[in-house]
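Have a look at this one before I ask anything.
Per-chain residue numbering starts at 1, and chain names A, B and C are given in the order in which the chains are listed.
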Amino acid sequence: MATTIEQSEKTIAEPELIGLLAEFDDPQALIEASEKVRDAGYRNWDTHTPFPLHGIDEAMGIKFTILPWIVAACGLTGGTIAVGMQYWMNAVDYPFLISGKPLFSLPACIPIIFELSVLLAAFGAFFGMLGLNQLPKLYNPLFKSDAFRRATNDRFFISMDAQDAKFSEIDSGEFLNSLNPINVEECWSDTSSAKLPRNLVLALSLVGVCLLMPPALVAYKRSTTTNTPRIHIVPDMDFQPSLKAQNTTNLFPDGREVRPNINGTIPRGQYKDDNIPFYYGLKYLPEDQDVVVIALQDAKKADAKEADTKKADAKKPADAKAPAGKPAAPDAAAVAASKLDKLPWVTEFPMPVTEKMMARGQERFRIYCSVCHGLSGEGDGLVSLRAMELLQGTWVKPASYHTDNVRKLPIGRLYHTISNGVRKMPGYKAQIPPEDRWAIVLYLRALQKSRNTDAKTLKPDETSKLRDTK
Amino acid sequence: MASVTTKPIDTTTIEVPGKRAPLVLGSPDYGSVTESVCRLAESKTPMLFYVALAISASLMGMLFGLIGYLIITGVGVWGNRSPVFWGWPIVNFVFWVGIGHAGTLISAILFLFRQNWRTGINRAAEAMTIFAVICAGVFPGIHIGRVWLAYWLFPIPNQMSMWPNFRSPLLWDVFAVSTYATVSLLFWYMGMIPDLATLRDRATGKIQQFAYGLFSLGWNGSSRHWHRYERAYLLLAALAAPLVLSVHTIVSFDFAVSQLPGWHTTIFPPYFVAGAVFSGFAMVLTLMIPARTICGIENLLTDRHLENMTKVIIATGTMVGYAYAMEFFVAWYSGNRYETFAFINRAFGPYAWAYWIMVSCNVISPQLFWIKKIRTTPWMIFVVCIFVNIGMWFERFVITVTSLSRDFLPSSWGYFKPTIVDVLMLIGSFGLFLTLFLLFCKFLPMVAMAEVKSVMPRPGGGDDH
Amino acid sequence: MQTSPDTNDKVKVQTLAELGPLPMKMALGCALLLPVALLLGYTSENGMEKFTFSYLQSTFFFLSISLGALFFVMIQQLTRAGWSVVLRRLSEFISMGVVPLTVLVLPIVVITLAGNDILYQWANPELVAKDPLLPAKVPYLNSGFFALRYLIYFGSWIFLARFFLNKSVAQDESGDPELTLLMERRSGPGLLLFAFTISFAAIDFIMSLEPNWFSTIFGIYYFAAGLVGFFSALAICLIYLRSKGLLQEPVTIEHLHDVGKLLFAFNCFWAYIAISQYLLIWYANIPEETIFFDHRQQHGWGTVSLILVIGHFVIPFVFFMSRWMKRNPKTLLFWAFYLLIMNWIDIFWLVLPNAKSGSGLLGVSFGMVLVDVCCTIGVGGLYVAGILKMAGNKSIMPVRDPRLEESLKFHNI
């Protein structure tokens, strides 16, 4: 099966005979000779022709190659990869909806399935062939023979490996001569050093080092951080002349790129005065509109004062639960609170109340509110619990909804609280649209009712459910 | 380069039923075949070569310069505007991909049909395929605008965590043309390994020995190797044959899967493939007719080879004409007024000039090959083939631009004008193509020596088994 | 090289008459199933629709085979093929099937001329008037022009088939190589005529069953189907004849291998055309076009479509890749039969879904298949009988073709 003559591992001082080479100039003669060699029982031998000789396969007894199976396997692999890839990438990992076609559309997948099958099958054919032939194999002792140069031109050769069991220097030589070649040549092993020439080693090392530099650079950059901004090799749209919020400019006298609202205009979607109850939770805006503003400002001031008192208190041993709504300086906060109490809050929802609204309210409450207030509204949300665990001096536990104080508050007031905040709680009107705030208020009421219902008003199945619940 | 041999008398085009015309003239032996081909790489380069190379290299340089200009400035330097968003770049792409198909057809399909005459031309034709695909690949590569993001086209993880849209024919194109380029390259290279070994064994200079030695991978003509090699060749041919059909089919899908009148018609796939083979063979002939005279290989590339190729041209040209007729008929038969209008518009609208160039070059000029005299006279073949290539470029132009410039809504209609960048890039692409081809002719074996030797009659008679 | 009559002892002159009277008797026996099919149609619900459409399907199934044969003959002449000479005469015989088919297709033309719209809606002026699009198509889709075109198509095919057969048979006597050159010269224009006639025949007889639908590739689709049918039929005929002692030496396993390869290749070509048509229509999703496939997805037709995809392409693809399969007459015979049946299903799938009852399209049913199978066997009997009659005492091999020697020595890769 050897296709080249193997050189022995040891470097010997004197050359060894590694094989014989018989030269022919007629392809037919080669075929006849090959049949004789095959019949004589030799195994480690080969013929060399400048082109594939029809009939030599049978004459030499060459068995059919397994290459077609390799190609078939590679093709099948390619097809499978194509199907899997398209399915996973376009229908699972990042689903693409293209003109209403199914996420995994077999007709549209066919072109790529075909192409990938062919590509991998072609790789199988090419690399399989090279692999089975054990190519590239740049060194071959046969190349030492000058006559052998014509093997790729117009001469035909039989090469016989000395490793063959039937080989004997004299008999095989005579045998080959009996086949009427032009010439029989002996092939000797190469006694020159098998080490690579120094220049080549240096050159290869240099190339190797150069090749290692880019990945090393990449690895370095990916594992370190930097304080300098990145280099924009291709600027793309990274630097734009458009104005940005925090920049300065000399386009405007005030030097700011962010512009205030223009006097006498209301931005779209911000005109609220046509539906006061909906937007403010008030039945109407009081004559002295400032009341609302002042009330807000006062509330904020009260909070600030309260924060200072709390800081002072923190020096003393503090309770785990800081009392809510009982500031050290009751005056400012109480005054603000009472101002707010006097405002005409709505007591009925300014829209029809539906199941859907309740569900929405529950969902939004859980998203925005439950982190502090807890799922049941007792003020035992995770943030609150954690803050108290950390003995945060500035933390005020959120008021439980299930106290008479809060139960008494009109829904407009609750709406206002959500919008603008109270004490430590910030206002959420920037995050939650008005409809959702009302939905949250609705849910709030439901929560309150859940703790404040006379059992007699319950239906029997509800009662039994309560009994069964732990 | 003066021919070493005087041109042999070529009677190969006279058909005698029962006798096959010789594939190689002058009853040569294997050695002279080797000499004819290797001489080109081994002897001193003539001045003509340098002149030709200078011209084509400067055109190529112009192309690269313009590509740089395009990438820095933007796609607006082309004529692509609403409503014609696909202009010359796509036309050029389809044109070049089509030309590439002839090489693979000659290599693979003619091989499967046991047409031994292909051995004279298949090496050069495959090389032409590779170079044509390179020229083709340039245009989609640069037309995407943000060329540095071209890697988004491939299914590799990217910073957007997105994958390509496999349902788009433009992506099928990416896979098809990449596969085609790769497989053609493998096929071409594999075919060259034995011939590179021949050059290695004859090389005298150190650089030549090293280069040919490296790339011939140590090939030594072993019959055991040839056995697997032959099998691999057959398998690659069997793979490349449907592949080449599929590539231009998928290119046709770019147009045909749309809903545009004039684009959306089921005959596009075979019609495009026939057109590709048509233009490809014309290009092969355009290159080989001068090449065989200049390089002195007229004994390997006989008049018979040329005539056979002209017959392929007339066959595929007629198929293209058939497709035109069928489209035209069904446009009327369908009763779809947009479809009908699209075809009337092509013939009589603002692009009528392009349409009639296309028809005269594609349908009428190849019909000249019915006449024996024309198909056996090389310079006449050359002229007709030039017209065929012009016609095929215009066909892609007519298809792409007329349907876009006038589609469903008259208020959206617009006339497309190319810019100077469009025009010069097309010319530059020819420069790229010719530069690569000239380099190939100089350094690589232009004719598949081993294959020619395997099909020529054995010197001194003997069983042609 | 010419073989003079006194030195060709290798080349026996054999004729189909050596098979005896049995084949003709069997063919005529099968023909009896045609009136059986008619009776079945007469007596069952929507039976006349089923019968008429089955009749169209059967005639055009065999027509596609004969046309495939005609194409093969002309292409072999055009390309100066050497390997196929031994089986070219058989193909010429098969191509002569267009003669009996001219007669068999005549009833379809006649009933259309009479204005009967059981097949073609456009044959009925009232239906045409009611349809928004059909009136514009009347210059083409009218029964008079339809009949004229029928004459042109079949006339051309008979002319071509007879030309190539007669010249080839003449060469049996004279051995004149000029005849080969003549046939080669005529094959080019012949193929051109063939291309247009087969395309328009497919459009006229099959595509216009659904007159508001259109596809530019339809002619090629029918052509591809015909080639699959022809190569299957050729393989079956060759293997059968060889088993009876005819063509046993001239036609070797090498030729059968090649026929198998061509069958494989053209089956893939058919699949390619089919997927082109389907993919483009599916992708653009225009209702005017998708109606064709929509009809073939409902009422049981979806199963038939799936059978075609998997049975006509996927399964044969796997098995036809094997070199061994194609070089073994038994396996090749099996797969040739298999593909012939698949081809029949393909034409069935093309034609029958257009059969309508009063209330809409007919679904696939056992009754429909039964009528169609009887009809096919019936028409087939007449078709084969016609061919046998015309083949008569002619040699089944072109014994003095200049390229015969090359064909006899042919070895595959």
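Convention: a residue touches a chain if its C-beta (ideal position, glycine included) is under 8 Å from a C-beta of that chain, and two chains touch if they have at least 3 such contacts.
None of the values given here were measured: they were computed from a predicted structure.
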Pair of chains joined by more contacts [C-beta pairs], A-C or A-B: A-B
Identifier of the chain whose CA centre is least distant from the whole-structure CA centre: B
Whole-Å gap between the CA centroids of chain B and chain C: 35
Distance from chain B to chain A - Cα centre to Cα centre, in angstrom: 41
Centre-to-centre distance between chain C and chain A (centres being mean Cα positions), rounded to whole Å: 55
Residue list for chain C, restricted to those that touch at least two other chains: 279, 283
Per-residue multi-chain contacts in chain A, two or more chains: 108
Multi-chain contact residues (two or more partners), chain B: 242, 253, 465
Of chain A, residues touching chain C in the complex: 72, 99-100, 107-108, 110
Interface residues, chain C side, partner chain B - complex: 1-2, 80, 82-83, 133, 136-137, 140, 177, 180-181, 184, 188, 192, 195-196, 199, 203, 212, 214-220, 268, 272-273, 276-277, 279-281, 283-284, 286, 288, 401-403, 405-406, 411, 413
Residue numbers on chain C that touch chain A, as the complex places them: 275, 278-279, 282-283, 285, 321
Partner chain C, residues of chain B touching it in the complex: 15-20, 114, 234, 242, 245, 249, 253, 256-259, 264-270, 314, 318, 322-323, 325-327, 330, 333-336, 370, 465
Of all residues in chain A, those that touch chain B in their complex: 1, 3-4, 26-28, 46-57, 60, 62, 65, 67-68, 71, 75, 85-86, 89-90, 93-94, 96, 98, 101, 105, 108-109, 111-112, 114-116, 118-119, 121-123, 125-126, 128-130, 132-133, 135-140, 142-143, 148-154, 157, 233-234, 236
